[in-house]
């Protein structure tokens, strides 16, 4: 889905490395500053839950839809959560239309693992008829503008959308589940949020811009719930993190999730 | 025979600018005996000619233009350079090194993929692909600084009459600024604060290019920003 | 027939027969696209991004003496109820082509040989008449991108339901009505660039629909103009 971005401009890499080493970013932020965060819920009408999140110019729209379906064979008494991400071609000049590529699949999976590990919902409560029908939860992540840090933005929008969603209510009679006209508010058990930390040279930064992601050496995304428990970790990039850097990263992530939480 | 708008009115593509015969300039076209706008911009009636100063347009390469580009590929005897045109430009070896061709030339050692150059468009080939040269004063590989991009149609406003606007910025910030006609600007400053002032001022010029009185506003803005960093 | 329709009936949403749904258009909304527009037409919510002219890959598909206009109509899974798969359907492909037919006559394609102009429409929420809404937004996005055009392209559909001709069909009217006639129009050049029809109509009613749709397009055109001008007006207000 993305054109071969090719080698990053040397000038860009040199300049960003130089500026970051002095403790600042190209847009004037400090290393641990987030860009302007904005979250709006209830932005779509044909869904059961929705939210749009902005981190600076990065913009992600999440739609939550519920349906009825078959449970997985190995969990006949649990509802099904499915997370899907789309890198729309309007989001960036290098995004091409087509089936999900490894980057959009990675985004969907990292957000999904955050929701799953934290156990945002008691999936057993989504069971209608054991082995036959359960409630399916579809979380669709739609990237509308890519300016860096899609994971944090998507996780934020996903939680905001789920938190404000209305679940359908079914009645079960003779092993058949029927949809009623009632809905009930979703109550999340946990609210996991993701913070991505990027390493450039020896510096660690949060909320990378698109240029910073282009020149970064490595990235680690840490997802924590509101109690500060670590739910998911994802590390990418060809360079490693030292043990101390990892400790620092988790500390930073814990602080920053609390800041992000104020928006939902 | 008549102008249908006032000078500097905002016009939309399709708007009839002039009924009858008149010389046509940029961003206009003839149709049904009239002249219409083909891009959004400010209409300009001047010396028997009607044109539109476009507010949004990609870069239209012309021979002689100074441009800033990035090498994206290496071919036999030439580099492929991205200068933001609908087709990438070519830089041939003989326009990059002032020496006769030798078979042991290793092209990536002269210019590698990912490097930035200041070049001049010296020609357009039969298929209107721009041909570049980096031989000449002020041209060549860029080793320091960073690139900032704006809409190419706003570049004249950034330069100003005889360079008045850009010189004002240079004097106030002490930064070196090279302006590519393709909307790419190279900024090299002594410190970050001054570099950021240059970026903010350029952003303001891009936003307000179409509003008169810009020079005064930029002057005041520069003063404000310089005060802040004291 | 036409005498009967003088007694106008209220539509499913209370509109008069020749009334458009609430329409809102904004230009220049996507920071990374060369040109963009957002449209709300009734409950339709659509974002269009334009990229180009740029190099076309693979090169062998490019045209030697003109640019290729490539349109893509794509619906988000949550744009309809029940949820649909994000994979493109045959209908999506047909509408992508229809968008191209509507927009091509307006664009000066010969100025950019061998390149491509990509127009991507993302349907965030659908409620009948998405193809007309896409064309309206795409036309604004092309101008926002600085691509030279002869004219804007405005689009609107007319049809017949409950014995009367109606303008700008909503989802319900699309499904329950006798016919759907989407049309695209270049207002200054006065040319129809797209005309389709589904359903069954007498010749008189068909002509009536075409006339009605053209009038609808003229109304849409005013909103498109405002959207383009507004972007510069706001800057003017802030500067002074």
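The letters A, B and C name the chains in turn, as written, and every chain counts its residues from 1.
Just so it is clear, contacts are C-beta pairs under 8 Å (C-beta built on N, C-alpha and C of every residue); 3 or more make two chains touch, one makes a residue touch a chain.
Just so you know, these numbers come straight off a predicted model, no measurement behind them.
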Contacting chain B as well as chain C are chains A
Outermost chain relative to chain B, judged by CA means, is A
If you tally C-beta contacts across A-B and across A-C, the winner is A-C
Here the gap between chain A and chain C, centre to centre from mean Cα coordinates and rounded to Å, is 32
Chain A and chain B have mean C-alpha positions lying a whole-number Å distance apart equal to 38
Multi-chain contacts in chain C, i.e. residues touching at least two other chains, fall at 34, 54
Note: in the complex, chain C contacts chain B through residues 34-35, 52-55, 67, 108, 112-115, 143-152, 186-189, 225, 228-229, 232, 235-236, 239-240
Chain C partner, complex, touching residues on chain B are 10, 12-16, 27, 29, 31, 36, 38-40, 54-58, 86-88, 127-128, 151, 153, 207-208, 210-211, 213, 217
Contacts from chain C onto chain A in the complex sit at residues 30-34, 36, 43, 45, 47-49, 51, 54, 57, 72, 74, 76-83, 86-87, 118, 120, 122, 124-126
Residue positions on chain A within touch of chain C in the complex are 3, 44-47, 50, 57, 61, 63-65, 67, 84, 86, 88-93, 97, 99, 138, 140, 142, 144-147
As the complex stands, chain A meets chain B at residues 6-12, 14-15, 19, 22, 24, 26, 28
